[in-house]
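Here is the structure we will look at, set down as structure tokens.
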Amino acid sequence: MASLILSPAEQDFIIRGVEKGFRGDGRGSLDRREVTLRTGMISQANGSARCRIGSLGVGTDILVGVKAEVNTWAAGEPEECGTIVCNVECSPSAAQEFEGRGADEINVELTQLLDRIVGGEQSGLDLRKLCIIPRQAYWVLHIDALVLDVKGGVADALVWATRAALLATKLPRVVVESVTDDSGVARAEFDVVDDAEDQMGLEGARDLPLAATFNQIGRRYVVDASEQEEAVTQAKLTVAVSPKMEICAIQKGGMLKGFAPSLLSEITQTALRIAKEEFARFDALFAEASKHNGELDEEPSTGSTFLEPF
Amino acid sequence: MDMDDTSEQQQVAFAMHTFERIHHTEFQRRFLSQNTRHDGRAFSQFRATHVTKGTVSTAQGSSTVRIGNTTVVCGIKAEVSEPDVKTPNEGYLVTNVELSPMCSARFRPGAPSDEAQVASEHIHRLFGKAVDLATLCIESGQAVWSLSADIVCLKYDGNILDTAILALVAALEDLRLPEAQLDSATGVVSADRTIARQLTLRKRLFPATFALVDTYLVADADDAEEQLATTSVLVVLDDSGRLANIWKRGACPVSNETIHQCIESAVERAETISKTL
Amino acid sequence: MSANIFDRRRVNGPPRSVEPLYTDEGDVKPFTNGGRADGRSLDQLRPIFIKTGPLAVQPTFSPTAPSGSAYYEQGKIRISCAVYGPRQGRKSNPRMGSFDCDFQYAPFSCSWKRRPHIKGADEKEIALILEQAMAPAIRLEAYPKACIDAFVTVIESDGKFATISAAINCISAALADAGIELYDIVAACSMSLNASQWVSDCNQAEEDVSQCSLFVSRMPSADEITYLLQQGKTMPDQTDRAVQTCSNSCARVYAVLSRYLQASMEQPAS
């Protein structure tokens, strides 16, 4: 991760502050920063979302686009399911070290993390509904995430943005009919209905998880670390929780230290406790974002519609 | 003269390992000039060779070969593909040698080094005739077996070619190919692992590598000797005693006698290994 | 047909190849009648074998030999690891040394399709996981400006999470063999959830049918969990229980590791 270089005095300040329950921006140890969510800004994608977690208009900024494609089934692939393919890329605009091949490592890390959380059955999405004709054709959802800015807490913002994008994804309806060809063999054929109004959402998207990252600083831990707090983090744990209060994935990060086992169970309990508030907050933001979906199209004259009202 | 004497005495006063590091050639010469080698072997003596077949259960054919400290694992994976248009009845045997930083600090991580590329290419060509590729055909012009033989070096102490060739021969003998059928309607090849046949090698190959260190011809050079060798000769015999391959590498010329010597030693070596294999 | 990447530095096969469809029963079904196919109990680990130092008997002093190496077997899992260092590093940090890990599967190591030579994203991620799991155990402050490199090759894999745990154990043994200063050896163990029961040390067949897998790596003396990875859904109390059980399994693996390392020290220097 792009990490700041802090002086020992500054590091000490942050660590002691966290141990006493104070954070640099005045938040409580379990408080998340301001979250801004927008959906539907990429018209060519089946679903898109942009999430910024940070204060005063600056923060970790992630853009996620979901594109659906029809794939022909090949031997060896699952016969009655669709698939999800994730890809995360960090743009060099986020940090200088992401230039050229510098972002390779973190790209792999985030892609695998995202794949672990949303890339299969454990995401809550009903992959069987993505099958068009068994053993013949299925939908593949390409989830492409672009990290535009890094100010701490990338994993969380990534999962928030992906959840929003998948909830906002609309797949065109597919009509399957049986066609008998000349030799009398009945085959199934499908047709994609090209109607912008006649689209369906993803089955099971409401069950998608949200992630929270707990950073251990000193002997305490905080949620949603800022850049400075991440620089003094010894170890962190990302926990993904579903709306049904199930734990979907846990992954530890950080090279300097491990966790005491008691701290681990405390963190998973806390993750579940704050999950309710997180989902409520997300739902409110998402509802607000969905409302604005159509409005922007009517105001092309206001410049930088992509940025405003971000 | 006096200065030479004192410098000689100073050299002798080094600990053996230090002397080896600083004066590689001189160190080896001390042994070679006494008609022995630094690990006590005779010039024509090969290191202890161990061959084990069937060591990797995830591969269709596998083997582990150890010559001295050089250890190599060969695994063969069988897959199905379309044959080349020019040879519709022939399958593929693709061999690759992997020399990773794990086996020696000599190799860097990333793309295969020169040594690995050269070894892969040579062994691939060597085995091109060893297996009858027509036996790999499933359905002429449509489906053939493609055998990927990957030779992974675990420890490198010289003489990778001998070890790799032996490993590949053993792995090919260990290979069990399931009976396969092509369903022409769907284009899918199905196979039954319970009915598996062995692959018949046209010929088994017995390699022997010799290196010219200074002016001494030594068999099976280890890493220390290999680094100082100016030339090396690989002799490969098949099981009928005929010469399958002879390859001289290096900038120094070799005399006819030396080549004859190599071939004679290789014949002895072939007899010894054929019992191990 | 899946495409094979053309690599001009290697001998290439046909441009496309695929595994045939195996029509036989294949391996025995993993969980039958409540028991495991190989007869182990639910919390029984596969037998572990470790050999540190050169694989062959004759010792040779070689400047290009690794500082430490280990060969690890757990059931059918076979892993080889070599550690170089401390040696001059690319990143020169005056306060701490750096630890880098390189992980790769041999092309024939997985029970399904042959792996291409080019490193996949999962191999790169596992390398990062291994670094994060092992780094807390190494006294990097003792090696400023130096770097310690570990190279891991999986010769045979049997269960993804079990292989990662085995790789961690293997690197621990190799680091100890290299004489690198460690706070403690790291021991790791994996579990999978099948029909609401946690099963320890699952092989590939068992992992494939499980709904959740996790592994824990632990430093028992410091009582610290250096890595935890869970994939799949569980109820929260299930995760707690799993971490507990897995930590106990790690202690057992630790005992085995210690015994082997002790035995290798007591042998005449090789």
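In this document, chain identifiers A, B and C correspond to the written order of the chains, with residue numbering beginning at 1 in each.
By our rule, contacts are C-beta pairs under 8 Å (C-beta built on N, C-alpha and C of every residue); 3 or more make two chains touch, one makes a residue touch a chain.
Computed from a predicted structure; not experimentally measured.
Peer 1: Among all other chains, pick the one whose mean CA position is farthest from the mean CA position of chain A.
Peer 2: In terms of C-alpha centroids, the chain at the greatest distance from chain A is B.
Peer 1: So, comparing each chain's Cα centre against the centre of all protein Cα atoms, which one is closest?
Peer 2: Of the chains present, the most centrally placed is C.
Peer 1: Round to the nearest whole Å and give the separation of the Cα centres of chain B and chain C.
Peer 2: 28
Peer 1: What's the distance between the Cα centroids of chain A and chain B, rounded to whole Å?
Peer 2: Once rounded, the distance between the two centres reads 50 Å.
Peer 1: Of all the residues in chain B, which ones touch at least 2 other chains?
Peer 2: 188
Peer 1: Spell out, as numbers or ranges, the residues of chain C touching 2 or more other chains.
Peer 2: Within chain C, residues 1, 18-19, 21 contact more than one other chain.
Peer 1: In chain A, what residues contact two or more other chains?
Peer 2: 75, in rising order.
Peer 1: Inside the complex, what are the residues of chain A that reach chain C?
Peer 2: For this pair, the touching residues of chain A are 74-76, 104-105, 108-109, 111-112, 116, 121-122, 235, 237, 242, 245-261, 264-265, 268-269, 272.
Peer 1: Using the touch definition from the top, list the residues of chain B that touch chain C in their complex.
Peer 2: 17, 20-21, 39, 47-48, 55-59, 62, 66, 68-69, 71, 73, 75-77, 79-84, 92, 94-96, 98, 100-106, 109, 111-112, 117, 120-121, 124, 146, 148, 150, 152, 154-157, 178, 180, 188-194, 222-224
Peer 1: Quick check: in the complex, which residue numbers of chain C touch chain A?
Peer 2: On the chain C side, the touching residues are 1, 18-19, 21, 99, 121-122, 124-125, 128, 131-132, 135-136, 211-212, 214, 218-219, 222-236, 239-240, 243-244, 247.
Peer 1: Which residues, counting only chain C, touch chain B once they are in their complex?
Peer 2: Touch list, chain C to chain B: 1, 9-14, 16-24, 26, 54-56, 58, 60-66, 69, 71, 76, 78, 80-82, 84, 102, 104, 106-111, 113-114, 117, 149, 151-153, 155-158.
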